[in-house]
């Protein structure tokens, strides 16, 4: 059995979650803490990929990153073609996972006690240190939730990926795309096998996080 | 322009979110608070629809709810046929939205101060009242996040819906299904119109929640 | 009448308690970290001793021998925690009313709360949220919230520590009066020796070895405060 | 030397302050809810008065006239909040070390912390999390966390209120000694009149009308405690 | 055109240079061709020192992707309209366009079904046919042919309330296999691997347009020569035999 989709999927998901972790957390902090014009519009844009069917999201990404798209043209200028590479799959995963990470972190940020941040400041900590040592550690339940949701969503991402990255075995064929590929040629056994791998990876993740969470639970 | 998909989508999403709100919150409370065998397995099962591509989730739902499926047979016995009805669309929405609601609530539950629950008990409140008046109100940031994610995800649900509910105009054709229908018949204007409605609904939701949140922010 | 007799292992020592509280005020004395708050939590049912017996007015609340553990909500014990633990999402009024809202007819509800708030001198704060209170104000909300339920036993963990001297004096009077009126045991933790005198309280003294902290009841009569080391 | 002069509208009254603190201990007295904690927060930079001036050792920390607002992290002021505000996810050691970890060489870090923990008698608790402490222990962690930074000004909001009489006496000695050693102003809130005497503190007295609470500096010399109404 | 020949030249030089490393040829094809093309690939790869890189998807998606600059060398569609559209946009080499294959439209029923169909007209009236699955006609070629057949049989209006429109042929088969619909319209080639469905009736070719799988070399591609060569190979007798094995047939001339 061809293992390429598995490694590809894992690589794509890890990179996507890595980026989404930083961007999503950053956005959540900025949008939750600072009031400025257009704040709600940015939030609505971040949430958009959640409401758009993935194929539609993929279509927009294709228009954006494609040969004639604004971003695609720019990248083309530098000799980079993103579309139909595994980078496209990663970008698709990022876009659909971002709203989940964002919401996860945001809700936890809302319950962080601002007094603790204040006291940290009297102890000489600047904004960055307060964020890193107080705010984010106290938001960990939401960050963990966000990462779990982002990772699983990434791993299962199919519609947008198929659209922007295609279904190229060994190159852009992630697990869900392989499922589709097997199923559409009637190979239900192959499809079932791939689904089982998806389920196994997601179960491992939930189990690992749950065990890890239990270690930390309620020390505060 | 045919407005049926809009009303249908809104109805489906509201009912789905209503059910998911109760089930997701309930599951989060039970799984977060009580330790029992199989707890992590239930959690992994709840998270499963997030990792499965919607079409695959839809396929499993078809096997479950279909004429020969275990649940379908039971319902059939009572003369209920779910598949290809808008109830099927609602169930599909519920299944894909549940993990998001669950994670949203769960992460907030983790930051609720157990001392407050204890004190409420000394004031004579039983478990149900503690949950309703202390635990859940203190988890509201996560509940709101969960509802926003569940609602938008519901509204945009396409793959599983198409599988179990089909694409029956006026009956099971939700907005995303209508987008697909328009797009596949080359009516990009119609598809674009439907996408714009999706975007508008999701933006309104984000705006409304954001305004409402601001009213409550930091009174505690 | 309250009888508390138990032994339990805490992180650094074994905590033994053997006290009887008549329908009077009993003060628990002891250095910081000796286990006073822990005892109150165990009486309230928020923590469980490893073995022993807790009995209130003849009813067993906890017994390791008989495997009885009455849940806190069925103990009818008022508790003012050391850190107040006010419900942050409820106003002062709703905090104070939390314990009676289901037990009292709606017509009396507001007036009962206001009356209690006046007793602790914070009627003007009724619509504030806990985050909008000063330390002493928050402490009085916690006190009011426990008093209003008119429980069968009142546990007070340093309930007046954040108040200025004048106010402390006034509220000591109020507590003294309420105890006389209700005729139930009050168990009070304080670090203020003069409080014992003012409340005409009995006291439980701590015998503290390195490994074992033992609280035993010493006097029910008016204590000789002047003999206390200050 | 600290100079605080401002006027600000709070929910129910106008808070006026006009105090000067030499390099001594200054005690803020006043009834519960009169605005003591609010003054400390404003000096620390955690809240802003509507107008006025805060000046420490010649440096303007806040001035409504010059639109100066130095951020709390640049004020070098130690602050013990009334509710401790310990970082719940850090151990006692890390809580206490928070303010010095970047300023001190790593070799000295541990020993400095341990030494400070010994000063407040809680060295044995260094690996606990705040939720695992008694009220008095938590209060001492908050005190240690502020003291260890050796700031230019120390603000103490009822820092010994949860301690038993013996320990209070010991820590009053320690505070007194540290103030002498560092020769910086301490501003302390307390409800215990005897504390003023023991600390040889000056005090700021509250003039409280219904609408205006005014804190003014009254004496720098040893106060006549025996004249205070008790 | 001029640019085409330039690209051809580039393709040839690249081919000449890389004697050892096989040249990649991007073949974008309808998903239903996956098994058979995968089977055929090694023969071509060996002879031409090439590596076939497949991208299988729905014909409609592939069309959009090629329009957005997808790097296809050869496009094999399951329907005419997609390749027509690309032809209009001058994205394919029209000269290379061929109708590679054909298929039979069949009515599939659940494996345990007792339904017997002798004429397509019957399905509007016989008992037990409450739901009929076809591919979304505007998107799924098999659905389009099914619609034509039903119209030709004059029962389109009669069966319309019973229709369930599926996203692809695979979904039609899922409905049939689970017994959700009494019957569904799929290709004969799709039935080769299905265990829980069987063919109840083959719709005569006269009821619908000729089923074709058109193929063409993509202008934007880099390997025009190899792509044309591959197309020739797929048209060969040897390839046709393999196609037949998988249920396809030659286009009736």
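Chains: A, B, C, D and E, in written order; residue numbering restarts at 1 for each.
Going forward, a residue touches a chain if its C-beta (ideal position, glycine included) is under 8 Å from a C-beta of that chain, and two chains touch if they have at least 3 such contacts.
Everything numeric here is computed off the predicted structure, so don't read it as measured data.
Q: Please give the intersection of the contact partners of chain B with those of chain E.
A: Looking at chain E and chain B together, the chains touching each of them are A.
Q: Are the two sides of the chain C and chain D contact the same residues or different ones, given that same means over half of the numbers occur on both copies?
A: Counting which numbers both chains contribute, over half are shared, so the two copies meet through the same residues.
Q: Which two chains does the highest number of contacting C-beta pairs join?
A: Chains A-B share more contact pairs than any other pair.
Q: Note the rotational component of the Cα superposition from chain A to chain B, reported as an angle of 0 to 180 degrees in steps of 5.
A: In short, 180 degrees.
Q: If I average the CA coordinates per chain, which chain comes out farthest from chain D?
A: E
Q: For chain C and chain D, what's the span in angstrom between their mean Cα positions?
A: Whole-Å distance between the two chain centres: 29.
Q: At what distance in angstrom does the C-alpha mean of chain D lie from that of chain A?
A: Whole-Å distance between the two chain centres: 45.
Q: How far is the middle of chain D from the middle of chain E, if each middle is the mean of its Cα atoms, in Å?
A: 80
Q: Once you find the CA centre of chain A and the CA centre of chain C, what distance in Å lies between them?
A: Once rounded, the distance between the two centres reads 50 Å.
Q: If you look at chain D, which of its residues touch at least two other chains?
A: Residue numbers touching two or more other chains: 83.
Q: Which chain A residues sit where two or more other chains touch them?
A: 59, 138, 180, 218
Q: On chain E, where are the residues touching two or more other chains?
A: Correct list: empty.
Q: What's the complete list of touching chain pairs for this entry?
A: Between chains, contact exists in these pairs: A-B, A-D, A-E, B-C, B-E, C-D.
Q: Which of the residues in chain B end up touching chain C in this complex?
A: 113, 115-116, 118-126, 133-134, 137-138, 218-220
Q: List the residues on chain C that touch chain D in their complex, please.
A: 11-12, 29-33, 37, 82-83, 124, 132-137, 140, 157-158, 161-168, 191-193, 230
Q: Chain B touches which residues of chain E in the complex?
A: 60, 131, 136, 138-139, 164-167, 171, 174-175, 178-180
Q: Can you list the chain E residues touching chain A in their complex?
A: 26, 28, 31-35, 53-57, 61, 64-65, 68-71, 168-170, 173, 190, 192-194
Q: Mind listing the chain B positions that touch chain E in their complex?
A: Residues of chain B touching chain E: 55, 59, 62-63, 66-69, 83-84, 162-163, 166-168, 180-181, 184-186.
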